[in-house]
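Some structures are shown below for you to check.
Two complexes follow with subunit A in common, the first pairing it with subunit B and the second with subunit C.
After this line comes the complex of A and B, so read on.
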């Protein structure tokens, strides 16, 4: 396979996946932190993310709203997580933007009207990035919220997809992202399929978008199946150990 | 009551996302408003009821002629943290006493401890909420003392600073207190407690012990 070829004539990608195949998905619901009210760890291939949820607790003065709860999110990208090792400040543009995306996504997921005058804090740590760390962060937050027992409308599942060599590929790794093609980030509610997060910077035709979007939805479904199984396994184990 | 599945629009429930295991998960449809009322961990949208937590589905029928209540019992993941709500029974510790009100911090809500103690929920018991009778004769210092543990009900979310609590019921009031000599007090009657060591008597608004 030549270096510029991202899908071989046999239909395999650089890391041996099919175009519609997601990377190995591993997750742990709860038990990541002693202090947090909910926590989760998510691995999508080599991309690893941790999420902690604190709350609901008494809202900070000034931020308090009387009609619904307040949601905050903070993301940190570990210095060793990227190929070029560098420390990022708390106000790094990239992480602040991701935190905002996550917060807005979950504001539509959490039943915030149940948490009047309370505050829910989400903290995400990206431990390793190999493409798709935004999706991993969203998935980790979703599992941590479930673990914390916070009322949510539906599971929010996120995945990325691209379009290379005339076909969509899902859950791209860093090598595929570096190719500089299309990158679509999609966060959907698992059951209603309603889109909560959508992010894409490139200009593409509606046909290409449609194809990429559908591939991404299918990948979200695969991720959801894996996440749901993990949640159920954890819950069943805890019920039995009672 | 049979739920008409045909009424659900195509996009509402996706058949590609199947139900995997016996527990319900957030977003899972668990009934129709014509068959059930929504309880804890359940929300209603377009006539259907959906789970908003992971857990076991419970259906309870009370004595009234109303529809049974469907709720989701959290399956003990890290558990749901507690926030005081109107009508909740809380345990609170008295921090400050003034002639018109008692300030306290809330320690637990409906038997669930508040884990984050760095920024506690504050509560106040106003003079008129101490007991239901002879309100004009209440002396706050004969009802509570700082450090007492009080069982109270949340009457309202109060102002932006604190929840309004009430002890105006028989089984509400001081449940644990220490005497001036530092030993635990034992309840004697509704307005008096006795030191377990010195037998000294002190006035309190005592909660009637349950059975």
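After this line comes the complex of A and C, so read on.
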């Protein structure tokens, strides 16, 4: 059997995208939940994530900090989200790790010093995953925080990128991840371009890393454009509805 | 049951006085239902899926089918398991109560682990299994592909995203529409002789015959049980029966009766929860009304599903319907 061709000679990937093209990005800011203070739904291709934000509200006694607010995050991967069904506990290693990554990323994004003695809770549901659910979760959280009106320094945008057949490809789907190449996850502040999240676990040369990194940053910019439009549209709709 | 809202004595009194006079806080009469929104075929990676919303209540249901061995004690039956998961934000005693948010901090070790939410999920799952999948509604023999060898394992996963009353009712509607949306792939199992030859060659382990799956989307058969009962929950507030309660009303209800009703208005199963006891004469009336309401509910659901076009899952087709 011949090796699968991830980028055709004409420059198309298996799902018909160009190497530097992100998947269809769709999102809904707010209106996903009635009782949450902020909510957002994000689709990156077939990967779907839902985020709820509750707060700021009074922190529970044990976690109260006097100099800044407390941020918590809980992630759940739905049992039906992956190709073969698997039930995970709430304390599954993978989801706990993702929750920790998200919490740390947003601790640098939210102006927590404004929320003394208060607590902000984020809940993320991954409903379907076709690669890149970490990036989708971060993007959903960012939009939900905006919807909740939490003060943030800058929008945090996340995207993944890989390196297959001698060229970087962005926003990989599960088939491309299964090829077992490089997978880089970046969370970037949209305006300052500072990196908040970076995850990669392959041995690669600095040149390859730089190429992948640059492609990933460009993809984050594309994603931010889409997210900014969605946020502006929602804000305009809210203004007109008043 | 779930009582998320904490009502002050005055609010409680107001609600109860209203119910005594036949009015409810949202302007409904005691028998009035809130409109439901149903979507099907929303998750392409599952065999069948649906989402049911009714004001604050939001339920997502996904069905996945797997080929597996039939249970040892029932070699000619398939397996159906219902699994309920609650979003952390709706689990009772969860973060809304402020009691146990240590589990939400994302720490690997440490922190108090509160399993009350999981206990509640397990309770809801078992209840739905009893109420909506009784033997009269679901013939598990139809899920067997080849006795002793292959049977379908049907996993029904229900995700409760938001709760604002009528959780069981919404879950049963979601389950009914998701199972109607489900198609079982058509499979052909290799001949028995072939398999036994393999068996002797293998010696120790009993090997299974290979099976082929017809990949064409049109080749599947619909899920055998087409008439999954729906649940109708009635609460007793000040000796009056209130239908389709909001979460405030649920917290005022002394007792709740959930009746599972099939297409013909027959009562399939009954479950009572809550501390107070129920007057038997009133209960008969409740069962009669439940049959009527349930049939109405199923009719509206069928009409809406027919609009979606049977067999072909419609992606992101939204529709609002019914107010019985």
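Everything that follows uses one rule, which is that the second predicted complex is superposed on the first by the 239 of 242 C-alpha atoms of A that agree within 3 Å, B and C clash if a C-alpha of one lies under 4 Å from a C-alpha of the other, contacts with A are read in each partner's own complex, and residues count from 1 in each chain.
Keep this in mind: a residue touches a chain if its C-beta (ideal position, glycine included) is under 8 Å from a C-beta of that chain, and two chains touch if they have at least 3 such contacts.
Keep in mind the model is a prediction, meaning the values are calculated, not measured.
In the three-chain model built by superposing on subunit A, subunit B fits alongside subunit C with no clash. Measuring from the middle, so to speak, at the Cα centre of subunit A, the directions to subunit B and subunit C differ by 90 degrees in steps of 10.
In the superposition on chain A, A:54 makes contact with both subunit B and subunit C. In the superposition on chain A, contact of A:234 is made with subunit B only, not with subunit C. Of the two partner chains placed by superposition, only subunit C is touched by A:74; subunit B is not. Once the two complexes are laid over each other on the shared chain, residue contacts for A:155 go to subunit B alone; subunit C is not touched. Contact with subunit B, but none with subunit C, is seen for A:224 once the two complexes are overlaid on the shared chain.
Applying the stated contact rule after C-alpha superposition, one finds that A:63 touches subunit C and leaves subunit B untouched.
The gap separating subunit B from subunit C in the superposed three-chain model is 5 Å, by closest C-alpha atoms. Common to the subunit B-facing and subunit C-facing surfaces of subunit A are residues 36, 54, 58, 60.
Subunit C makes touch with subunit A in their complex at residues 43-46, 49, 55-56, 58, 60, 62, 64, 66, 83, 85, 87-89, 95-96, 98-99, 101-108, 113, 118, 155, 157, 159, 161-162, 164. For subunit B in complex with subunit A, the residues that touch the partner chain are 11-14, 16-17, 20-23, 25-29, 41, 43, 45, 50, 52-56, 74-81, 83, 114-116, 119-121, 157, 160. Chain contact summary for the complex, subunit A toward subunit C: residues 33-36, 46, 48, 50, 52, 54, 58, 60, 62-63, 72-74, 76, 78-81, 83-85, 87, 90-91, 93, 96, 99-100, 102-103, 119, 121, 123, 125, 127-128, 130.
Contact residues of subunit A toward subunit B in the complex are 29-30, 36-39, 54-58, 60-61, 64, 66, 111, 115-118, 146-155, 189-193, 221, 224-225, 228-229, 231-232, 234-236, 238-239, 242.
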